[in-house]
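Handing you this structure, nothing more for now.
Naming follows writing order (A, B, C and D), and every chain is counted from residue 1.
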Amino acid sequence: MTALLSIDGVSKSFGAVCALSGVDLSVDAGSIFAIIGPNGAGKSTLFNAITGIYTLDSGTIAFDGRRIDGLPTFVIARRGIARTFQNLRLFGFLSAIDNVLIGEHARMRGTLVDSLLGTPRARAQERAARERARAWLDFVGLNDVGEQFARNLSYGAQRRLEIARALASQPRLLLLDEPAAGLNPTEKRELADLVRAIRDRGVTVVLIEHDMGLVMSLCERIAVLDHGEKIAQGAPAEIRANPAVIEAYLGAPA
Amino acid sequence: MIYVYVLATIAAVVIVERTRSRRVKLAILAALALTLAIVPFVDRTDATFNVLADAGVFVMLALGLNIVVGYAGLLDLGYAAFFAIGAYAYGILASPQFGVHLPFWAILFIAAACAGLAGIVLGAPTLRLHGDYLAIVTLGFGEIVPQVFQNTQAVGGPNGIAALDVPSALGHSFGTAAVPYYFVTLGGIALVAWVARNLGRSRLGRAWMAIREDELAAKHMGIDTTRTKLAAFAIGASFSGLGGVIFAAKLGLVSPDLFQFQVSVLILSMLVLGGMGSLIGVVVGSLVLSLLNSALLPNINAVIASTLHVNVDLTNYHFLIYGVILVAIMLFRPEGFLPNRERRAELHAAAITETSS
Amino acid sequence: MAGCSSSNTTSAKTITIGIDLALSGGDASVGQSTLNGMLLAIEEANAKGLPGGWKLVPQQLDDAVQGVHNPEQGVANARTFISDPSVLAMLGPYNSNVAAAQIPVTNAAGLAQVSQSTVSDELTIGDAAKSLRRQNPTANNFFRVCTTVSRQGTALAQFATRQLHLRTAYIVDDNETYGLDLANAFERDFGADGGTVLGHDHLAKNTQDFKALLTKIAAAKPALVFYGGVTSTGGGLIRKQMFDTGLGSTPFLGGDGIPDIATVAGKDADGSYYTIAAPDAAHAASARTFIASYEARFKSPVGAYSANAYAAAQVVIAAIEKALATDASTMPTRAQVLANVAATDGLQTPIGSIGFDANGDVKEPVLSLYGFKNGQPVFISQLNLTK
Amino acid sequence: MHEFLAQLVNGISVGAIYALIALGYTMVYGIVELINFAHGDVYTFGSFVALTVLTALGVSGEVHGIALVIDVCLAILAAAVVCGVLGIAIERFAYRRLRNAPRLAPLITAIGVSFILENVMQLWQGPAQVSFPAVFANPSLALGPIAVTVKQLVVVLLAVGAMLALQYIVHNTRLGMAMRATAQDRDAASLVGIDVNRAIALAFLLGGALAGLAGFVSGVYYQSAWFFNGFSAGLKAFTAAVLGGIGNIAGAMLGGFLIGIIESFATWKLGGQWSNVTVFAILVIVLVVRPSGLLGTKPIVKV
């Protein structure tokens, strides 16, 4: 298998705080990969580094064999990396379907003239995009909320809408930042099924998650971060048995 | 009569907005267009159509600013700068001072392009700025542009450029009557509103709204925020370039004091009063404020004398009345006369958090 | 209907005089006192009675929008007047660029327009004026009772070099139409008369602080400071701040925009000189009467252009009365009034005897020169210009 | 060199007035994120209040000794109190109801209030510029090679004093703490028992009082007042607040002084007609390089 995402010696600090230091990571195409670690371990920072929000202090990030570090966020997104956010960032005052349509932005073609004049070509494309958007909403299990404002949806529905929005860009890599946070057990199970379904469509998934049960049952590979450093990587069973991981989670033995 | 025309127009567009049936909508719009086209042949009062033509220019300007502020959420306090550029384009390309006499219709395109380009040039430095920092930089440009015209003797300095060419269409000069300009602005509004509507429903329009709602998330959707924002500035500015040409041609004059900060504020007020982001709202807001400013307030003594049969002199109270009206409208309808769906929801949501906290 | 209502509500035998001025915002101070001059003339004419029992009704419209005089609104107001058949003539505007926008419209309608204060040469003289009148090139309809800026500039330059014997000047203008034109005219003629211009600066609008500029001027050590502009754009404050920057004893010259600088500068106005395009009040009984009636009627001192405004209204009233004198049974036509205005000659007003030349300018402009003593204007001399 | 210093002194004196007005903008913006366009008119109102008090005290020219201190203190007190109350009244009447409305709604009411205040002042004091008594004697103090007038000294001292007092209030008092907490997070502040309305009213009170002080200062400095002054002074002061980093007290001060100095030097070297253009051009450049103003803190992107 080839690595879809390879992270090599990535460091990032904010003033005196070192958020990431020399992190190496490699994610195989077609896998479900989890990043775990205590709060403040640098997990979200790593996502932000991948999507180009932060510039790296050192190290490289490559996606599908091409370096993406230093590129603007929107270019990285267009290369095929989509994400969700820890504290939902939906376009709250736009309808659910518009949120998904914005996800399709990079996939849609159209010149300025098309937008200005509403040409038949643009309208045909718009109709097709709308149908795809509905399909994505169906896919995540939100079939009848299309016209509602995103912010008026239930929390669980908002989480799923964010995933639908991310999928609409037809990414090859999907980054999910704590997708199960705030969900009840039923919703968590549905989420796990959804993630598997996404993977089955050929999308590689990397997720940050605190729910160990979910992580262990869902993911094929797990990386553990603590204080900005990767302390372990491996299959769920290996991670479960790793003393360094146990120490990080339970605190240093007294 | 002018009040009847404006109120009837407003009523018609509101009905169009509220109706679901596409056929009814088209029928009402067609009837409205026909009526607006026929009215000048029935009512021969030049002053009425003068006010309507002036108002029409402001409708175009407000629709342009709506792209920038309403759609893309970029607070622009210097929009009059682009208006000035459009107007000066006509002043330079159609006046005896420069000996250039291009046709009005050609200058419309040139000015729209110039203003659009200026939108990109002046928009570029603001891209990294957020919220009110953006506002103050645009305000700065709004101050700089007319002052540069004022300090440049080549374009007449404070005197500006006078005796501009009178446009003509199909070999007929517009003359000094206001009605031809009334028709031009009707056409202009139709064009600009149609384009704005297309944009609002397009990929680009959605990208603007995404930036307005959450710029960072928008970037993650693959939206090139730089280009998208510049497109908003450029398109918004080009609308005002068109408006500027019509304005200058009708007035026969351009001078720097026509494009001061107050004009930017006026256009913004039209937007907010009407209901930002909503095309119908913007049209209504700009019609109402134009009417207030150029018909009702200057004539307030006569209007009160003829309606209430009392003779009062309120000339000294212009600002007071205007200010009270602005405040009152905002206090009673903070979302504007005809807000779009998002604004209404926003206010509603705010009210809920208010009561729950 | 936009403002066409005044004629409907009043009795049949009324004639409306349209007045367009900037009456709110930054121009209000001069606008209101100008308006008062016009209203006074109309009230007096009504009190005296017109032939056939006709009454004059003033209809004033404000051309300021959001506090700034606005040519577009000026045109809207002019069209309002044109649309109202009872309006036979129009007074105003205050600003030259408003006039430049209005003239093509009033010219096409054949409506006589008499302004009290628009001094830009281009409104009446030369090709520029011709292109404003393009709809009806043969019939001039725009008249003014003030003299042009270039004449004032010439007079002030000659006064500076020949009577004050000052040879170096620093010129400041407020970068507005009137101020810049006046300053340029002074610069041209001061140089031609053997003076040296040490510098010419323009003000930024809406400024209160001129110390930076005055520090710079003080370093140039001019024998006089010339100011092109009006009191409200900086005339009064500049004079006052000259004392803070060591220029207190340097003479300060300006045109008819600064007769009221003492309201701001107080006693510091001493050492300032200005011109008024009219004979001195002490030399004209009509001016004394005017000032007395104005102050009695409005309980405030006359403004810089009140007398001009009164005279402009007199011109229009006289033209209407002349038309009524031939036939008081029907309302005169605009063409009659226009012809009578154009034919005005030897009309006695507070600003002297008025008659118009072919351009619509006053025939024999008289300029009075004033200085200040203890913050009060003092008449110095009268200059008869024939140019 | 000599002229350079003289222009610097000019710039600092004008800047002091901008700074005082800018402090009010910054206070209000810091707490409710509202560009209070009526603030410039509150400042002009302060000039007229001070003028009214001085006239009532019979001051028409230079005053010396203890009488000077009493007259000046009374005029300042009256201007500050009236304008502070005016600030609160404006907030109560025109802004409070709109606290949760779309962001631009209060901006428009601010403009409306500005027009109302201008018209009220025009009716009260007339449309012309009004003369203000020359309270301070006008000898120049030789400060090294340049002359500084008493007025200039007073202006600068009052401005710096006001800023220090404000810093103290905001950082060292309970009320100031409440204000800062409200500025940070209104909901959280109300949860810990802070009376948010009171904190916001206090910001308007302090801002208004400073505007009143600025009004007095500009009155004695220029010896004139005009109902229409506030508009452009307010615009400049707002620019100053943004230049320094809006919401930041020291920044507003710095911005005010900088704009005064830039204006002076632009007038000196480029000509007065370019002074506004220069100010705004520098503003644009500064914000392009430092998008949160000179002393503003850059918000950290939190995802």
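For the reader, a short list of remarks on this structure follows.
Here, a contact is a pair of C-beta atoms (placed from the backbone, for glycine too) under 8 Å apart; a residue touches a chain by one contact, two chains touch by 3 or more.
Since the structure is predicted, the reported quantities are computational estimates derived from the model, not experimental observations.
Any chain bridging subunit A and subunit D, meaning touching each of them, is among B; the list is complete.
Distances from each chain's CA mean to the overall CA mean are smallest for chain B. Set against one another, B-C and C-D show the most C-beta pairs in contact at B-C.
Using CA-based centroids throughout, the chain positioned farthest away from subunit A is C.
Subunit C has its Cα centroid 72 Å from the Cα centroid of subunit A. Centre to centre, using the average C-alpha position, subunit C and subunit D are separated by 37 Å. For this pair, subunit B with subunit D, the centres built from the Cα atoms lie 32 Å apart.
For subunit A, residues touching at least two other chains, in rising order: 53, 85, 89.
Multi-chain contact residues of subunit B, defined as those touching 2 or more other chains: 147, 150-151, 216, 265, 316, 318-319, 346.
Shown for subunit D are the residues that touch two or more other chains, namely 115, 118-119, 122, 273-274, 276, 301, 303. Against subunit C, the residues of subunit B that register as touching in their complex are 1-2, 45-48, 50-51, 54, 96, 147, 150-151, 157-160, 162-163, 166, 175-176, 178, 247, 250-253, 255, 257-258, 260, 262-263, 265-266, 293-295, 297-299, 301-303, 305-306, 309, 315-316, 318-319. Only residues 51, 53, 72-74, 77-78, 82-83, 85, 89-94, 98, 101-103, 105-106, 108, 110, 112, 114-118, 122, 126, 149, 151-152, 165, 169 of subunit A touch subunit B when the two sit together in their complex. Looking at the complex, you find that subunit B touches subunit D at residues 69, 75, 125, 128-133, 135-137, 139-141, 143-144, 147-148, 150-151, 216, 261, 265, 268-269, 271-273, 276, 316-320, 322-327, 330-331, 334-335, 343, 346-347, 350-351, 353-354, 357. Taken in their complex, subunit C has these residues touching subunit D: 24-26, 28-29, 31-32, 67, 172, 175, 201-213, 215-216, 219, 231-232, 236-237, 240-241, 243-244, 246, 260, 263-266, 300.
Subunit D contributes residues 3, 6-7, 10-11, 13-14, 115, 118-119, 122, 126-131, 138, 147, 149, 151, 218, 222-224, 226, 228-229, 231-233, 263-265, 267-268, 271-276 to its touches with subunit C in the complex.
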